[in-house]
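Alright, structures below, take your time with them.
You will see chain A twice below: alongside chain B first, and alongside chain C after that.
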Partner chain A sequence: MKPKAFRYHRPADKADALRMLAEEDEDARPLAGGQSLVPLMNLRFAAPSALIDLNACADLATITVADGVLEIGAMVRQREAELSPVVIEACPLVAEALALNGHPATRHRGTVGGTIAHADPVAELSGVAVALDAEIVIERQGGRRTVPAADFFLDALTTVVEPGEMVTAVRFPVLAPGTVTAFVETGMRGHGLAVAGIAAALRIAGGRIDWVRLAAIGVSPVPVRLAALEEALTGRALGEVESAIAGVADPLGDADLLDNLEGSSAYRRELVPTLVARAVRVAVDKMGVAA
Partner chain B sequence: MSDPRPVFRHIGRPVPRQEDDRLLRGYGAYVDDLPEPPGTLYLGCVRSPVAHARILSIDLAEALQMPGVVAGYTAADLTPSIRTMEPDRPKPGYKATFRDVMPTDRVRYVGDTVAVLLAEDPYLLEDALETVFVDYEALPVVVSIEDAIAEGAAAVHDDIEGNIPFAGEYKTEGFDAVFASAHLVVKDTFRSARMAGVSLEPRGVMASYDKGKGALTLWSSTQIPHLLQASLGELLDMAESRIRVVAPDVGGGFGIKAHVYPEEVIAAALARRHGGTVKWIGDRQDDFVTSTHARDYRYDVEMALAQDGTILAVRNRLHVNIGAYACFPFGSSAEAGGGAIYLPGAYKFAHYAYATHSVFTNTAPVGVYRGVAAPIAHFAQEGLIDRAAAALGIDKLEMRRKNLVQPEDLPFTNAAGITSDTQSHAACLEQALAAIDYDGFRRDHPRGEIRDGKRYGIGIACITEHTGQGASRYRTRGLHRVPGFEGATVRMTADGRLVAAVSQSTQGQGHLTVFAQIIAEHLGIDPSAISVEEGDTATTPFGSGTFASRAAVVAGGAVFRASEALAAKLKRIAGHHLEVAPEDVELVDGEARVAGSDMTMSFRELAAIAHSLEARPLPDGEEYGLESRAFYDPPNVSIANAVHAAVVSVDVGTGRVAVERYAVAHDCGRMINPMLVAGQVHGGVAQGIGEALMEAVVYDEDGQLLTTQLLDYLLPSTCDIPDITMAHIESETDATLGGFKGAGEGGVIGAVPAVAGAVNDALGETGAFVNQLPLRPETILALLRPVAD
Partner chain C sequence: MTGDKIDISVTVNGRRYRRAVEPRRLLADFLRYDLRLTGTHVGCAHGVCGACTVSIDGRTARSCLTFAVQVDGAELETVEGLAPDAELSAIQAAFHRNHALQCGFCTPGFLMAARQLLAETLTPTEEEVRTALSGNLCRCTGYVNIVRAVMSAAEDLRANREASHV
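Take a look at the complex of A and B:
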């Protein structure tokens, strides 16, 4: 468990980092919290030619709310975002998802941009991004693009980020007043990697579900937006939630399902409706508190 | 033993561990922390990526050109200078087994070492290892027990027909008639997962050769320094007097480090060849691939019962997948032999038959691991009692009460021929039931109830633990390469302080503390003032090592005996100068005191006399010096016992099992330190919960290991372990010095059947019973489905 030799750069700010990325070869990688990349390097599953260490880039570590968008800089620590009153106010699902991501120790190093860019199939925040139609900000020297989360994840550990580019921020929508959210997951352990998890946000009007967003993590190489379930639940009374979910024959559609030591694809298929029902119930239960 | 029982002052107290201060402050020194002599070379191993293949060629040319690389050796270069390991010498019922530390002809599992490199830097070493090219010709692979014993299966070793190096059979007289006459026979096939020991510190070794003295010093993260020394002498054809083995601080072992490994032998051979220091530090991946695995059993068990629930007879057909090689020193039969004799356990049925087999496969060698075969033996036994109770309509507790060995049965020889003078199953059962509030649970959770999406169940396991096995026991088991006895030296230095050297090595158990307590008991001095040393063959007496719950019993006995002799000498010297009989002298608070008077001599004075450092002479006939050495070999085996009680929840939507509450009533004879006994039980229960619910080493059908990191091999975290309530019972055995029994493994032995039993209970009216570990959520969900639908 010794990494291959690599070049190391420590830029002072974003512009510096983008310049170094541009100057390095295409196997260079930005280093954020290092909670996944460094173990992968030690295992030699990853062997970047150079690391551009973003940890000194204060301008990548800001949280702002403007024009209905919560923008979290790539280098904001997961723990900071999880506990941030601004994040909790604007988009509590982000904080709820991060609370399940790794452990407090890893969240103190791990970053919001890092978990999104790493694109692990079980990363909770990726599910939130897909559920809420977040946008991923990707920059290169002299260029910037924003990509909808639905288009960002290509495969396990693979995204649309090109050599020379890096994720600089994630833009989540500020949730409308009255929105309730929940992130539920299950795994082999009481607290650990999930086999499957559900990000849910919804609003109730007149006793019926008025608006709902759902995505699943862990079941597929990339987060899966559960559009059929959203459609089935919209307009339903709270008492009809279970039957509405049961009425959707194949909530995962043609998604490519994971099948591994933690569980078969059949098991994951079975978990999704169960966890969606739980997520809706947990979210709805919060209305009492909010009201 | 002498009666009445003495009142103890130091034995039995929860003395804080003297080990903790330096370890918690970061002053521990594990193998990788030791200073490296100048010129230390790093050893890297080229591992086979295939499970079974002929080695056609090995090309080290490119690697030898890489920066930092000093030398490289193929098996053909090195193996001729190292003797073949012989874990099993031929004897009736046991086939001889062999292992070259580097195989020359063919590889037998993913991880077999075919070549090694020496480099000046561990990073450059890994770069160079990637360039070694080995050409293999694939051979047929056998992975599972069923693969290996099938008709026409490929042979892992050409000289072992049917891949079975050890088979044993046993049947009580009259078994068949009793079995045939039974009212009911329940049976099932019980399978464990294959497990990994996963100590916090992986294995590591550093070997230094002094060319001038022709002497080798080897520091290893080992549980068996003396056996490793003997083994190195044998394999390298060196005098043991020229070999010193040191186990420095060792970060956990659990049995995995109680084996001699190829890397230890290769590092020593290369240190000798290069006349310097060679170091190999295993990482987590090395550990999963090359450290011994554990368990991997198939138990086919049948239980015959009378209509009233009395167990009449048990038939046990056992197969153990021992991987590609037998391990030194336990050989091929430790698991298969253990699994056969552990099964009667706490129950007094009279008839037992077993047929047990060790099976070679193309997987990593399987060795001893905390609990050995006992957790699964009890998983099978308690599982069958649950099935029988359901079939007969008898309460599960009633079934157990009816069949447990009772106080009036003692001393008791069980159906496997194991005798013990003390057991306390019935008392432990009642205490465990009280601690878990069994009746309250039954009141609060009506059968079949689903509360908040969960079913709840309660499981009870009555277990025995075979501890403190001595030389005679290992001979009976055919483990001729395990000595069985232990030794200790207790010495008073010339300044009147106490030091001891014990033949054991510690991996965190608290040996130094408990041995100091035993010495303190005899010498009348605070345990914290006693220095105990272990793990260095140059300074400690010969012994077997730390495994099989034996340190407190066997080494404890040696310490007990050496302390007794030293105390007697001090009393003789003091009595001489105080002009009283030695038996009128007491050793208290660091001085010798005439009972009932104020006449005293300090230990400092006595030590000065004994070391001829003052005018007063020794009594006539007394030798100079204050050093006492003793060896202790206990009679056969001491049976400790416990009852574990677990409450679990089963999520009916996901199948996930969580252990909600846990209680243990535990009896390991006289406790030396109840706090450390509790620590042993707590840690064991945590490992047992891992074994029951999540831990599994997995190979695919080609023999590729799929679990090579902690991401894939799941260990329980603190979130998975509930608080554990403990009750202690102390049934003091007269069979061992001090009345001690071992306590190292009972935690894991009890947790596996208790958790499985609780899941059976939660499955309730579904009629399903678990028979395969780990209890993965997916498996449990499938068992629940008939009800859910």
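Take a look at the complex of A and C:
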């Protein structure tokens, strides 16, 4: 198999990359890990005129924590973020989600910025970004904007990133002490692509859920924040979790639901409360370890 | 322009190669057609099957999802590097002993993935083996004997930590 020919550029740093992106035509694409773009090129579903290979840009591959924000550079490998003690300490949900993303060999190449920018409906990290109100940093030559995750994803494989722009970092909140997290998903195979998954983070005070954030991947073309379930669970005792979830008639609200070979929209609608209950249980079970 | 070739220099299994490649040349095709290292197999060419798994700078990667121009200066290992002296490595021997292959097409990828796991830990659980191999598809074995072989190789390597060929 052979992709269509393209111009190849290998910038040495971010500034160089943004300049090349500005100089190239509208069909040029940044190349991060290539784990989603290259399959599309091999199948000729994508035929970029030029690739701007970001793999030599060390300044896009940093992980920092400052002022309550964990900032992960776009070119940080998924496997590196998954195993990073800094990430695990600041926002363990990121590491937990990445451990379910693809396979070791794809995570070695695949990047944090790449999975966010590709916007696959079943990308685990996109769910974490929406659950935790992460911010996506988007840059062009001479310009930079920061977009809340809730506004970043427009449709399957479609984001607010414009030609000439690229994702340069993702900013996750550092979770408060005592926060417990879980990412649970289900799929056709144990370690395969998810049909649907839930990102969950919560805190317990006095035996009750004090704070909770939930988002679903795989049920809709974009990640869905589960605000009605968050509201229903807040203030509930741990023994009331299942009944609180069952009490929400329509947790997905007016979200468009996916309906495909992996599962019908009815199946996905049923999965959400089941997976949320499981995610809360998995997260709460970690309190013994965290305490 | 687009078809122009780019000079690259790459080390594969300890040997240095210099070649000029078109940017669209996939690493898998570079290894097979330009270097004639045909041990790396191409099953699906879009990242699903794992047969083309190689090691780039010490980490497994799918060679069908990497362009050859991207490995300029890198150190690669392919399945041919596992047994340079024609003596099977511990993992290969365990695959042989446990009947972990039938047609053998997927085997190079499984060997490279198993090698990555056993470079990280020599005491994997069966579940960890299954997770580590989850990106590789085999249509013959049903995986049971592959998992058994990797567990057996781990045991052999624990027993003989100075084994030279992991």
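Note that in this section the second predicted complex is superposed on the first by the 290 of 291 C-alpha atoms of A that agree within 3 Å, B and C clash if a C-alpha of one lies under 4 Å from a C-alpha of the other, contacts with A are read in each partner's own complex, and residues count from 1 in each chain.
One rule holds for everything that comes next: a residue touches a chain if its C-beta (ideal position, glycine included) is under 8 Å from a C-beta of that chain, and two chains touch if they have at least 3 such contacts.
This structure is a prediction, so every number in the text was calculated from the model and none was measured.
Chemist: Could you look at A:Arg140 and tell me whether it touches chain B, chain C, both or neither (first, second, both, neither)?
Modeler: neither
Chemist: Can A:Arg19 be said to touch chain B (first), chain C (second), both, or neither?
Modeler: neither
Chemist: So, A:Leu43: does it touch chain B (first), chain C (second), both, or neither?
Modeler: both
Chemist: First (chain B), second (chain C), both or neither: which does A:Arg278 touch?
Modeler: In the superposition, A:Arg278 touches chain B alone.
Chemist: First (chain B), second (chain C), both or neither: which does A:His108 touch?
Modeler: second
Chemist: Given the touch rule stated above, what does A:Gln35 touch, chain B (first), chain C (second), both, or neither?
Modeler: Touch partner of A:Gln35: chain C, not chain B.
Chemist: Name the contact category of A:Gly190: first (chain B only), second (chain C only), both, or neither.
Modeler: A:Gly190: touches chain B and chain C.
Chemist: Using the superposition on chain A described above, determine whether A:Arg7 touches chain B (first), chain C (second), both, or neither.
Modeler: In the superposed model, A:Arg7 contacts chain C only, not chain B.
Chemist: For chain A, give the residues common to its interface with chain B and its interface with chain C.
Modeler: After superposing on chain A, chain A residues 1-5, 43, 189-192 contact both chain B and chain C.
Chemist: Which part of chain B faces chain A closely enough to touch in the complex?
Modeler: Listed in rising order, the residues of chain B that touch chain A are 122-123, 125-127, 130, 283-285, 453, 651, 653-654, 656, 658, 693-694, 696, 698, 706-707, 709, 711-712, 714, 716-717, 719-720, 776-778, 781.
Chemist: Taking the touch rule as given, give the residues of chain C at its contact with chain A in the complex, in rising order.
Modeler: Those residues of chain C that touch chain A are 1-3, 6, 22-24, 26, 29, 42, 45-48, 50, 53, 56, 59-62, 64-67, 69-70, 113, 116-117, 130-132, 134-136.
Chemist: Spell out the part of chain A that touches chain C in their complex, as residue ranges.
Modeler: Touch residues, chain A against chain C: 1-8, 10, 34-35, 38-39, 42-43, 51, 53, 55, 79, 102-106, 108-109, 189-192.
Chemist: Can you name the residues of chain A that touch chain B in the complex?
Modeler: Listed in rising order, the residues of chain A that touch chain B are 1-5, 43-44, 186-193, 195, 261, 263-264, 267, 270-271, 274-275, 278.
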